[in-house]
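By written order: A, B, C and D. Residues from 1 in each chain.
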Amino acid sequence: MSQNQATYTAPSKNQSLDIVNVYDLEQQASQIIPKGGFDYIAGGAGDEYTLDQNITSFNQKRILPRVLADVENPDTRTTLFGSELPSPIIMAPIAAHGLAHESREVGTAKGVSDYGTILSISTYTGSELSETSKVMGDTPKWFQLYMSKDNEVNKAIIDDAKADGATAIVLTADATVMGNREKDKLNQFVFPFDMPIVSRYLRGFIEDRALNNIYLESKQKINTDDVRFIAEYSDMPVIVKGIQAPEDAIKAIDAGAAGIWVSNHGGRQLDGAPGSFETLALISEAVSKRVPIIFDSGIRRGEHIFKALAMGADCVAIGRPVLYGLALGGAKGVTSVFEYFENDLKRVMQLAGTQTVEDIKKTALV
Amino acid sequence: MSQNQATYTAPSKNQSLDIVNVYDLEQQASQIIPKGGFDYIAGGAGDEYTLDQNITSFNQKRILPRVLADVENPDTRTTLFGSELPSPIIMAPIAAHGLAHESREVGTAKGVSDYGTILSISTYTGSELSETSKVMGDTPKWFQLYMSKDNEVNKAIIDDAKADGATAIVLTADATVMGNREKDKLNQFVFPFDMPIVSRYLRGFIEDRALNNIYLESKQKINTDDVRFIAEYSDMPVIVKGIQAPEDAIKAIDAGAAGIWVSNHGGRQLDGAPGSFETLALISEAVSKRVPIIFDSGIRRGEHIFKALAMGADCVAIGRPVLYGLALGGAKGVTSVFEYFENDLKRVMQLAGTQTVEDIKKTALV
Amino acid sequence: MSQNQATYTAPSKNQSLDIVNVYDLEQQASQIIPKGGFDYIAGGAGDEYTLDQNITSFNQKRILPRVLADVENPDTRTTLFGSELPSPIIMAPIAAHGLAHESREVGTAKGVSDYGTILSISTYTGSELSETSKVMGDTPKWFQLYMSKDNEVNKAIIDDAKADGATAIVLTADATVMGNREKDKLNQFVFPFDMPIVSRYLRGFIEDRALNNIYLESKQKINTDDVRFIAEYSDMPVIVKGIQAPEDAIKAIDAGAAGIWVSNHGGRQLDGAPGSFETLALISEAVSKRVPIIFDSGIRRGEHIFKALAMGADCVAIGRPVLYGLALGGAKGVTSVFEYFENDLKRVMQLAGTQTVEDIKKTALV
Amino acid sequence: MSQNQATYTAPSKNQSLDIVNVYDLEQQASQIIPKGGFDYIAGGAGDEYTLDQNITSFNQKRILPRVLADVENPDTRTTLFGSELPSPIIMAPIAAHGLAHESREVGTAKGVSDYGTILSISTYTGSELSETSKVMGDTPKWFQLYMSKDNEVNKAIIDDAKADGATAIVLTADATVMGNREKDKLNQFVFPFDMPIVSRYLRGFIEDRALNNIYLESKQKINTDDVRFIAEYSDMPVIVKGIQAPEDAIKAIDAGAAGIWVSNHGGRQLDGAPGSFETLALISEAVSKRVPIIFDSGIRRGEHIFKALAMGADCVAIGRPVLYGLALGGAKGVTSVFEYFENDLKRVMQLAGTQTVEDIKKTALV
């Protein structure tokens, strides 16, 4: 046990949450997650221009209420890569859930599974894959891969994911170097605990668990060959995550990507980039329904989900809000967050006059 | 008498008000209306983006002063559905006036009647229709309907309104579920008194008077058949309220609506919608003078009334400002609010070089 | 002597000022002018949207520095209606200078005259015309007329102005009713002293000197006949002040106006109107150099003067800044304000690469 | 030794800096540089609108992350006028480094030289040219000329620069009069020490070292003849600095300029001008690769460098950040600032998917 592990005390409650909104949730979470951990989770890169833009850019498009639309009890169910989901909302991959709650990824997995949607597990998970799988039952899980420079390592990690029952590989392509997270620098943040996959395969990390060391053995030169390699080796659908340019979407699909994940890593990588929502329209046009589009970065309300779907996404992923729910309520808190978003989306669907997820996708924003 | 009723003490003064502006009025009202009630009246949905946009979007269009226009003593009188009004300003339907003043809707009715314009009475009135009618003399009144799932209930309510002498039915179409009013959630707000029509016909409400229960028996699937049904059954003009999309305006008129009420429910329903003023131009074009347009959501100054009329409205409705006047001065305060708006509009008309309401409608904003 | 006169103590220093900028000047003036007087001078109408817009709208156009323009010692001299002026900066008409300084309009007249530019004297002057004339020598002066409903009164006032040596009549057309000055309402502001012309001809004012009473006998129905009447009766150039619409400029010129004064009365009349600078381009195009254009409302820096001239004005008028200078330094302070603006304009001319006022007028903003 | 010299105590530490961002660096520097000096360095002209716009206007263009670009260890090296540089970042000319650190320009020269990029030395240097040269080895240096009215003085200064080994002359054309630096006025700022070249050739300065006196003997009428004269007399490349208009760029090149330096003098000259970044696109188009473009005014992050290069600059110059580094760490602090920017640019290059400086130049911003 390291020194940090001894002093970092993550929250431990397990309870359902009565969520008013995600901003309050964040505020409450900031009171109980130790500062270094909270800043790591909540912070963005540089001026946090892109982080802010992720949320505020949703106001560039507005939903026109439709009031004679003959809608009742809107239906949020949808299907993604063959999985039937209660709503077009899945769990984004995010590192080190143990910063938020002592149950680590196990708590998240339980909460996501109880809700019934897809969990994306990060290479930087703080729990062993087998631990999270144990609590998930049949809920589908995707494995998010940060590539190593060494393809043998990549194969080994994919083998582990496959053995654990992952149904898709999410290739994170937008984090080949660490973003400029100034809060982490000021906090001199290091992870207060080990991350099993990282420790097993990326040895530079073991010594001090500093953020920069994660990237020492990680691959920078990601290209379409990597997409092909992972698709072939894993024999699973590969979803390329971090797409912000239409050209990259086309390249990825041409190389065999089964899905496009539009994301700017929650504003944590390249500051000065557009809000993720701003990039969706052109990417959706380029993808032209050939593969599903998953969208993240900035979802805080049902209105945001509605707008993302209306602009071309097939589903959205949420990250930070789930960790805040995990911090405040463990697995039960996680479920509460997903239920909050589903209910909020239903309310928006009713007021916007849309009965189904397909109806949302046909809606023109103004 | 319920527990809440015992502890909620609404203001009770009856006095004319010297109004500087509505923002000050709101500030003063917030000092004397109990917090739960004030937040219910003043609050909006979600981020209150749309609530703010309702007011600030008026600045997207500006009035060019015309100074050689040969204008004197501008005339604000107008005619609406055959009623001659002192100004193009009517009372919007709004629930539970008793939150603002112990005289409840009776106080408002007296004040509106003394001013001489149309009163819209809500299904969620806290006074019996007969009580308000008693103080109104010949002043025209409209009845605003929240539909029940059960058409027999709807018929019974329309019968009541007709018996009471209503001259039009305002069908509220934009509130089929409750908006996301976070302040009410935080306040755990329940109505501190009974609402006669609701209690009589919507039984779910009786038990705890919580906001959500109002919607349990209310109709979600509103469509053009409902417009037709109400028009036929009531044999009164039906004005469809909550229109924000040109397509809905056309559908409503084609189904027999006698008027279009452009409104986003004061920013209380779908947050992320445009400011109501922003939707007026296209709706006005779609309506093309076939029926009158009533506009609400955001009117705080004579300039706003002028701009709404110049963009295509035939009259405007005010809601929150009237309840603030009611809180501060009872019936007399209500009259003061209407007189304030009329005088403010006259000043704007003089400075803009417009002699009549028709002149305003011909004015091009810049 | 009235009660107010006894208690209102205006500043009395006479000294040159070292001006850093006009915002600081305003701040300093607010410390020594009694609150009622300061708010009357500094305030605008309604939300003060237009007041703010007057200043901020200058940023809609930017000056591109020209650095190889072969310019030295820029020359600000210009000619207006035959008067040679040290700069294209004149004194705007403004009521009741006695609010700012015990020397009243006499102090302003002395300061303006020492600088050498045109003084516009208001109908609402607090000094007799003969008093101000005594200190002005040959400096040209214009008389600003607020019309009475009674043309005999108008003739008498014009006779007085003519007898006093005025060289032009400025017809204020944009103040037929009082703007919505909320600060004055809150302060229950009345003028603390008599205004000779008003008292002599507009009797309603005498009793209580309240703002509203000024307008009781003033003319609302101003039209092109009035322009013709004043031009003929006075046999002086008539400049129509308060023009914001191109159509009004054309009407005024067609009726014999010798000049167009673009102004929104310093944001004191119709709030919700554009910034005055925003209206200049279209008016300048409509006027098409047939008569000179004077511009006011929002000038606080040399950059603003430069931009107004580049957009089509022939000269600018300043008002509030002069009263602040008067308050802080009497006649000498007034001269300092004009010198400050001239020097600031020279600096801008040098950096923008313009040698003369004509060069400014030929400059394209970006 | 003058009185000021006795009392102005500049910082004196020599240490490497761990820089989080330049805004923090500025904040820290403001704590140790005496107020008069700090305000002189940090301040801008007038409302500081242009100063702010210099930074915020970078957000008008955004970088689209490219994630399948096959990039690793991006290469920031570039060549400028034959000098091989570690990055497209050079030192802008800036007056009186002694305000920031007791080592004066000698400290900056050492730090810049250790980093290995070009130093621009100002006519207003506080160190003798020979002192700075001594610590620089072979690092290329440019001499920035403020022209005197007297061409014999200009020749003498150029002779000195040439004797010192300068490889280019930077002609500052945008500072023919002092900008409106209000903080300096309020501080009654005078330079607390002599500046050798100024004192030797511009005698008005000697007496009181006030800012205005610097400009008494400096040349205002700068035109293309001056460009020709300096190019011929010096027989060095002449780079014209302060270009904001495409027309000036063309004039300068036609007169023999070897480079165009796009700058608005850090927002210190003409307030109300566009942000420097906003002018780059049109100038780049006008220059059309005939000569290199150097860009300054507003660079605070690697993102800004990337954007400037993508919009047409060949390299950027930094000024204020270097002086803050000098204040906090002397020569070592200066080197740290350049290393910070290079690393930040590398991070941006990696995330934007660009391997080389040429790749950046081919990138389209959105």
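Everything that follows uses one rule, which is that a residue touches a chain if its C-beta (ideal position, glycine included) is under 8 Å from a C-beta of that chain, and two chains touch if they have at least 3 such contacts.
In UniProt terms, the chains line up like this: A, B, C, D = L-lactate oxidase.
Source: prediction; values computed, not measured.
The fewest steps needed to get from chain B to chain D, moving only between touching chains, is 2. Under half of the residue numbers at the chain A-chain D interface are used by both copies of the sequence.
Most remote chain with respect to chain A, judged by CA-atom centres, is C.
Remark: chain A and chain B have CA centroids separated by 43 Å (rounded to whole angstrom). Among the residues of chain C, none is in touch with two or more other chains. Pairwise chain contacts present here: A-B, A-D, B-C, C-D [touch as defined].
Of all residues in chain A, only 20-21, 58-59, 62-73, 301-303, 306-307, 344, 347-348, 350-352, 366 touch chain B in the complex they form. Residues of chain B that touch chain A in their complex: 46-47, 49, 173-174, 176-180, 182, 185-186, 220-224, 227, 240, 242-245, 247-248, 251-252, 255, 264, 269-274, 279.
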